[in-house]
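These are the structures, in structure tokens.
What follows is a pair of complexes built around chain A, which joins chain B in one and chain C in the other.
And now, the complex of A and B:
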């Protein structure tokens, strides 16, 4: 068990280092650099070189990578040329915004998806399960890119919710938190709805399998009410395959939040990464990628842990396979 | 029932893409200067006084230049011209009253035409990339499953690693490494290769598992005993057993790639402007915040994308339910 987690931890560390290094190297290899991307047409060769030297872009790739790695070991991740701020200050701010969005979407999806999955999975036929199933199929065909456009359309048509951003320019009556929540509804629902549909389908399948097992029939025949079996016993038994998916969900959340952040102009990691890539802001690219990888690593670690608790077999079989 | 609906949707999309030059009333880059953001033209059968006619349209008259509001000019009826000039249907007065079935975009281009040609770009790219992913995935997965040992270990570790990463970020990073401005055909080739690489590990994992288990079966052992070479055993006997899996993967990858193209084009890293793809159309639409409230027809590529993905999902619904608990569902979600 300990050995298993040591391995998972090592993989997580490797993930963060490899991803941020690879993105630094990739961004550095790209044609053009920050100086050429940001400079106007009227700039002398000499000024160009001066600027490059200032940002450390005149070093060779190997040297630059070595220096960056050495500095990163001291938790100094370089300087964003575009924002003129250290990456260490800039990234956590934006990463927190993405985390708020992702967490809200996850809670939303869980609260909606799991109960609906239990309802649709515990009955074979009926109007309600049929409707739930149909809605899920429709929502599964709507990736976050489309849900966010659709929800923005509704928000703009009805005027109920703000269409983009994270805060209003002037704090409205009701306080900053209420304002944030109002802005959060559209992006969180855009990321959360397809996820809810996925969880609903998984829970529904797991449920219908468990419902068919002999122990359910046995409990029923002893006179335990059906609703109690469904919501207590069978629900717990069906949770395992769903719990296994939560580890993968963190990647889904990051991917989904990218499109949503860009469309709803949510100031998160995805937006920052996009800007950094476009302006060839190499250290910022590496910083964003590293932060994203950290999210991913934490997510997989947590889900491995949760899975091992729910189902002790997981850690053994996986360790053997690895 | 739902499967039939899915088939109808997919067939419809493919037909639209193939027959785009005939079905579309205009060229993709035809501008109608006086009709920026004009709403869809309505095809009428009855005029204002209640008299019935062959299908006709009214021309748009600009009511407010500032707000770009239009009104129908009820004074003259414009007939539709069927099967003329190589198009199925056009307005008989193209200059003054063009037929804009889904309105015009902010440059005054016909959205319906661009939607049809966009289907060519978007679906073409997705299908090409999916075929590429199958080719790379099946070859590597087949070899890994067949050879085993260190080769297998290294390859599968690498595949696992790529699969953990959010695919859209990988695609984004790979795309951003290359020059930001490229020609349309360069972008097509580039995006197809990037998507193929990102999608290949999903195929490789499954193919490897199938090849490994099939290899132990009697028919494979028999073929080997009869002196079949390794290549023959792998390509003629083992890989064909993964056909069903690959077909399902293909239908999982295509929707994911359609959405990925749209996402990349939306953020400005996809196709360059005059090219019509569903992503570039959304990109154009997004430049104007009023699109959501006032010009919703500019979002029609999103609707088209939804219908195609829904169609593919409906066709797959039953076959996928076996696959769903493994990695299936993640594709549409993650890319």
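And now, the complex of A and C:
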């Protein structure tokens, strides 16, 4: 188990380094650099070169990458040219905002998806299960980008919800927390609705399998109410496959909310990365990409660990199995 | 040359906008049908969402009651909050360190200048310098500074701060972005103080635009920044992580909060020196919030739903229809500010030898090719397609927005594809049986046209140019790149042709020397020539040298007309049309002085007010 964990950890570290390195190199290789536009075209070549030297953009790609890698080993990920601040400080601030959004979406998806999955999985026919299944299929086929646009449209037409952002310019009556919660509705629903649909489908399938198990039939024949069996015994038994993918869901949630962040102007990692890419802020691009990869790696790691706990065969090496 | 002018507000039309509301009828039946259908659906879904909100649903930006709530004697309301938006984050709070539009906007809101260019009238107005006189054909200007002016931290403003501001701009170690902007004839302006409230600015050569160039230079507090300047760390001073209380200025607002990726909040500077016409304090607003919204769709949504008061840029042509509906519904005010001073243009790579052994070299750099393109594009089609009819044809470097320097006498090229074909035949491009023009090697005459990605009007423009040129047999391959890649292409002279914008920051051609002079960095078609590559560029250099030195406006106009005629004859940059500028603001915003140049509604922030 320890060896298994170490292997997965090493892979996670490799993933983060590879993704951030590739991002830095690609951003650096793209035509133009941070200075090209920030300085405009009406300043002398001399001033342009001075600016380039100031940001270290006059170095060769190899030299720049080597210096960045050496600094990264000391957990110094460089300086953002755009913000004039260390990447190490900027990324966690925005990552926290992304985590808030992802957590809200996860809670929302869990609270909606699992109960609906139990309802649709425990009944083979009926209007309600049919409606739940149909809605899930629609939501699953709609990318979060479209969902967020649709929700923004509703917010704009009704004026009931803030259109994007994380906080109001002026804190309204009710306090900052209520303000944050209202701002969370649109992006969290945009990220969470497709996820809720996925959880509903998973839970529904697991539930329909469990409901036909002999132990459920035996309990029913003893006169235990069906609702108690469904919501207590069968639910617990059907939760295992859902729990196994939960870690992976967390990883994809954090990196997958980037598009929604951009649409809803949520000040998270996705928005930061877009700004960094637009301005060719190479170190910040690498930092954001690395953070995204870290989220994914942590999610995968959690998923693997959960799977290893549920099914010990998953952590065995081929040699051990042989 | 510079007349004394003691009026702070040359255009005190308080309580109303100087632009007129745009009332063109627009019919969008499909949009209305969709709106009706979706409204019902939206209402149903929103009902569910309202439940989640549990009664918390309400507009979020209700401004708090202000202690200073009142109306001025002239009836302009005082106090209140205004929410505006920008598309990008500021890169610094130090104007010398960054040239992006948000940094510039915040600098204008928080820092004072010696003079102010009235964007509505283009006249130079006093600001920190209350009057000035010039001698020696404009080489020497004596500026008399306002007395009893203090920075936002209470420290007195004196001539010493002016000297410091010039020192910072001119010092090489500072690497100031503004260094090149406060030079005349390639040499820095010399500044000396004769007493604490008088400075003398000397230019190495006569410079007709005069003190207008000083509008770009913020006057900085020596007492706050001298230590960083002496330590050689000025470029990093006043970065985005600087505590807001450390940033002081002479502008109408002071920085109060910066939330990265979200907003910049500014509050009124109670020590601001300018006064309203009724003698009351300025600015009228208590607070100004600048929301950072990366795209215009987000800005428009918030504006239409009442969560934003104004944008700091014009609205795109494609957004007009939806805003017109909101304006008709009384939610916002839509203004037509007239024709833009800037037009996008097409230029070929005219650097000698740029195409080396490329077989297209004999015809790609010929005047006749550009003249033919000028004739082959129907400007009416261009205006209708690119700006949906809201634009005017343009034939030269100036648009009708430039009241002083636009020349009515410039020929208006007629749309004439037959004449264009004849011109192309004269340089060896003849039509084959398939109608495609071929060169001497019998290869199709084609070139690549680069433009900026993500700018719908530019992308539509190159599509029109491609289609129009196809009619005369020229093949155009369109490539859309991001702005940095486009700039990189022309900085390295690796392109056939580019369709791009060369915005003028000021309407006086004397301030756009980098564009006109063959040695200029914004001489788009052939940057930084060591010696003029052509006779006509040499002639333009000579004329512009005289134009910039002449103290006589009539003579300057005559010289500039001649420059425009040479430019027209050789078409180094081909212009097709300029858009009309539309802006929108919440109906509660009042006392605006709109101008067509950015930030159209906020260039005079101290007089903007809101009705509460």
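Basically, the second predicted complex is superposed on the first by the 304 of 322 C-alpha atoms of A that agree within 3 Å, B and C clash if a C-alpha of one lies under 4 Å from a C-alpha of the other, contacts with A are read in each partner's own complex, and residues count from 1 in each chain.
Convention: a contact is a pair of C-beta atoms (placed from the backbone, for glycine too) under 8 Å apart; a residue touches a chain by one contact, two chains touch by 3 or more.
The shown structure was predicted, so the numbers you read here are calculated from the model rather than taken from an experiment.
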Just from the overlay, do chain B and chain C fit on chain A, or is there a clash?
clash
Contacts of A:94 with chain B and chain C, given as first, second, both or neither
second
Examine A:50 and indicate which partner it touches, taking first as chain B and second as chain C; both and neither are also allowed.
second
Could you say whether A:262 touches chain B, chain C, both of them, or neither, answering first, second, both or neither?
both
Touch check for A:138: first (chain B), second (chain C), both, or neither?
first
I'd like to know which partner A:31 touches here: chain B for first, chain C for second, both or neither.
both
Answer with first, second, both or neither: which of chain B and chain C does A:157 touch in the superposed model?
both
Touched partner set for A:273, first chain B, second chain C, both or neither:
first
Between chain B (first) and chain C (second), which, if any, makes contact with A:292: first, second, both or neither?
first
First, second, both or neither for A:167, with chain B first and chain C second:
second
Single chain C stretch clashing with chain B - from 293-301, 347-355 or 563-571:
293-301
Those residues of chain A which chain B touches in one complex and chain C touches in the other
30-32, 152-153, 155-157, 163-164, 262, 274, 278
Chain A residues touching chain B - in the complex, by the definition given at the top:
15, 18-19, 22-23, 26-27, 29-32, 137-138, 140-143, 145-146, 149-150, 152-153, 155-157, 163-164, 194-195, 198, 201-202, 205, 241, 248, 251-252, 254-256, 258-259, 262-263, 273-274, 277-278, 285, 289, 292, 296, 300
Which chain A residues qualify as touching chain C in the complex?
30-33, 36-45, 47, 50-51, 54, 82-85, 90, 93-94, 152-170, 172-174, 178-179, 181-182, 185, 189, 262, 265, 267, 271-272, 274-275, 278-280
Listed in rising order, the residues of chain C that touch chain A in the complex are 38-39, 42-43, 45-46, 49-50, 52-53, 56-64, 81, 83, 88-89, 91-92, 97-100, 172, 175-177, 179-181, 235-236, 239-241, 259-263, 265, 289, 291-294, 298, 301-302, 304-307, 481-485, 487-489, 491, 514, 521-522, 528
Report the residues of chain B in contact with chain A in the complex, numbered from low to high.
2, 161, 164-169, 172-174, 176-180, 255, 259, 262-263, 266-269, 282, 286, 289, 292-293, 296, 299, 302, 305-306, 309-310, 312-314, 317, 321, 324-325, 329-330, 332-335
